[in-house]
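Please see the structure below; I have some questions.
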């Protein structure tokens, strides 16, 4: 899980997707992973592919303005329906190199634990891995409405985060899973694991 | 998980069964998977085989009228006790190429969440993967009584679906798991994962 | 998972133990599996071995009277502390070829669902795999007290089953897991999966 | 899982970490494992490494007084933030050869089941694997406060255990997982599995 410039970053996305699929977080082709490369474009999983068995040909290379780069992109593939969220994240956070969106049962459940725009997280040690180094921290994750038109979700993310940066590099869409971003594919994978751990705790605690 | 005409479709069924077994959805030889081939006959898992380690010789080739095709079918094998349900699905839905029946704990639990003939599903994003592209959809899955004589279940499915097509390609039998069908083995595998995801959510939400 | 006379039956026990370990049913060296061979002796897992990585040298060969057969048995190994239960099962049920004892969290939980000597099981389709072919069956599994001295447990099993045979080839010891037996290692593995499935259902239903 | 002097003990730690990671007990780089070697120094996992894919170069060799042994230690690596707890355990228990610290959701949940300094454990058969050979034992696991400064936690462990030895080789830190120790890496692995089993039981029982 080192992240050198010599490894095709799609291999990192394939490995992460396979692991997340086995956890039940990317079943039935759900979710999408992306990774930004030095020229500013990013690789993103194509629509409708099983995330447990991705291949190099299952990715599309896209420029920040939404233009698809022919070189490398598989033909006949549609970019993920949620590409606009990835574009927004890369635009908002210049340091972000990877952006992962997965759908766990627990993420859906906790998104219903509040009617507010933010969900309070318990003061678990695990928050340190997300960059929160406080004793008994008050930490929240932003929650967004799930619109049928994904660009509307992206616009609301853009609007809110332009004003206020979130405490942790993650956001929830109601009934539609979590999105995290990080400075490397390794960070994005770790953050995904950490938020999902926290959601599991919250669901079990609630019962 | 591509589905070309050059791959023996039994290999797809073997891979899906192994995956479902590992999820705990086909334990103790439970469940049965089938796939229709161009001549109109279909391969179906034989009775009493462990679904985690199927082999090519663990399938029976059956014609729509219930006649067993000798060519390819293993000798000494009994077709699955639930073959009549597969026959009914292929007869009702000419586009169906694969039909998967699995027994998860969650499918059994949710089948008891209603006394009605239909079970309401929550408005999860995951419904899109089952073909429901609406904002906050009202979606139901049909529920059937579990009779000791499986052909009686099949007859009730035939009777109800001849009048009303279900909203999603799936049905529940009380205390007896879910059956899904699709235009390819890939679709059937994805649909199985999606309905099981929704059932997990419903069980966790209920608690 | 075929069970021919040409395969060393310890290989079947090793494969089953590895699978059960991965399910969390044989953690921390818990549980023991045995298999009877044609001369009437049986192979049983030695005490204190991790069940996820058993080897041929981790078994002891024992005669029905408790005498350890030197040939094949590893030196320096103690037979499982629960050997007397296996002896009792083989003595009571002449058809039994394999006897598996595992400790799941769910088996412990359901053993506390009743104070009686028998626990009612829900009328799940899965009971068919355990030999119960009825519509809405009333089925019970016997429950025994957990004594510190295992031979006392074995004596109570012997006493009760000499009078009344159980409805299914399985018994619970309170806070101490389930024991199943069958006419082959394949049957014992399937029965283990089936009773554990039923226990998972019962625990989830109770919540 | 044999523990001979010819095997590099880091290989045991790597195997255990990979297994624990797959159980969800070491996600997002959480947790740390260590093993004492004959000269009194110990190998401990470096900070910030994914526990599912450790390599020999991901360990630091440390002396009891906290001095890092250059030979073998990877450069540029920081010792785990929780090293002081391992030092304290090795200092308190001269027989301890391995010390494992993992973060399960269940360990966090049960640490909140009491406000006291000790948590009562249920009288499960599994306690035998932790050395408690009694009928219906009254067994407790010590619970410590989670301070932001880990050495403060270590000091409180040192203070309490100097006066009273715990009944089982394990301790909980609130919202911060469990730590176990044993006379071998095999024992530490088994103890980890056993305490996690007991926590799973306690969480499910509570619901």
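In this document, chain identifiers A, B, C and D correspond to the written order of the chains, with residue numbering beginning at 1 in each.
We take it that a contact is a pair of C-beta atoms (placed from the backbone, for glycine too) under 8 Å apart; a residue touches a chain by one contact, two chains touch by 3 or more.
Everything numeric here is computed off the predicted structure, so don't read it as measured data.
Colleague: By the touch criterion stated at the start, how many steps lie between chain B and chain D on the shortest route?
Modeller: 2
Colleague: Same residues or different residues where chain C meets chain D? The copies count as same if more than half of the interface numbers are shared.
Modeller: At the contact between chain C and chain D, which are copies of one sequence, the residues are largely different (under half shared).
Colleague: How many angstrom between the C-alpha centroids of chain B and chain A?
Modeller: For chain A versus chain B, the centre distance works out to 32 Å.
Colleague: Provide the list of chain B residues touching at least two other chains, using ranges where the numbers run on.
Modeller: 207
Colleague: Throw together a list of every chain pair that touches.
Modeller: Per the contact definition above, the touching pairs are A-B, A-D, B-C, C-D.
Colleague: Can you list the chain A residues touching chain D in their complex?
Modeller: Residues in contact with chain D: 1, 122-126, 129, 133-135, 186, 189-191, 193-194, 196-197, 200-201, 204-205, 207.
Colleague: What residues of chain D sit close enough to touch chain A in their complex?
Modeller: These residues of chain D touch chain A: 24, 27-30, 50, 53, 103, 105-106, 108-109, 112, 146-148, 173, 175-177, 203, 207.
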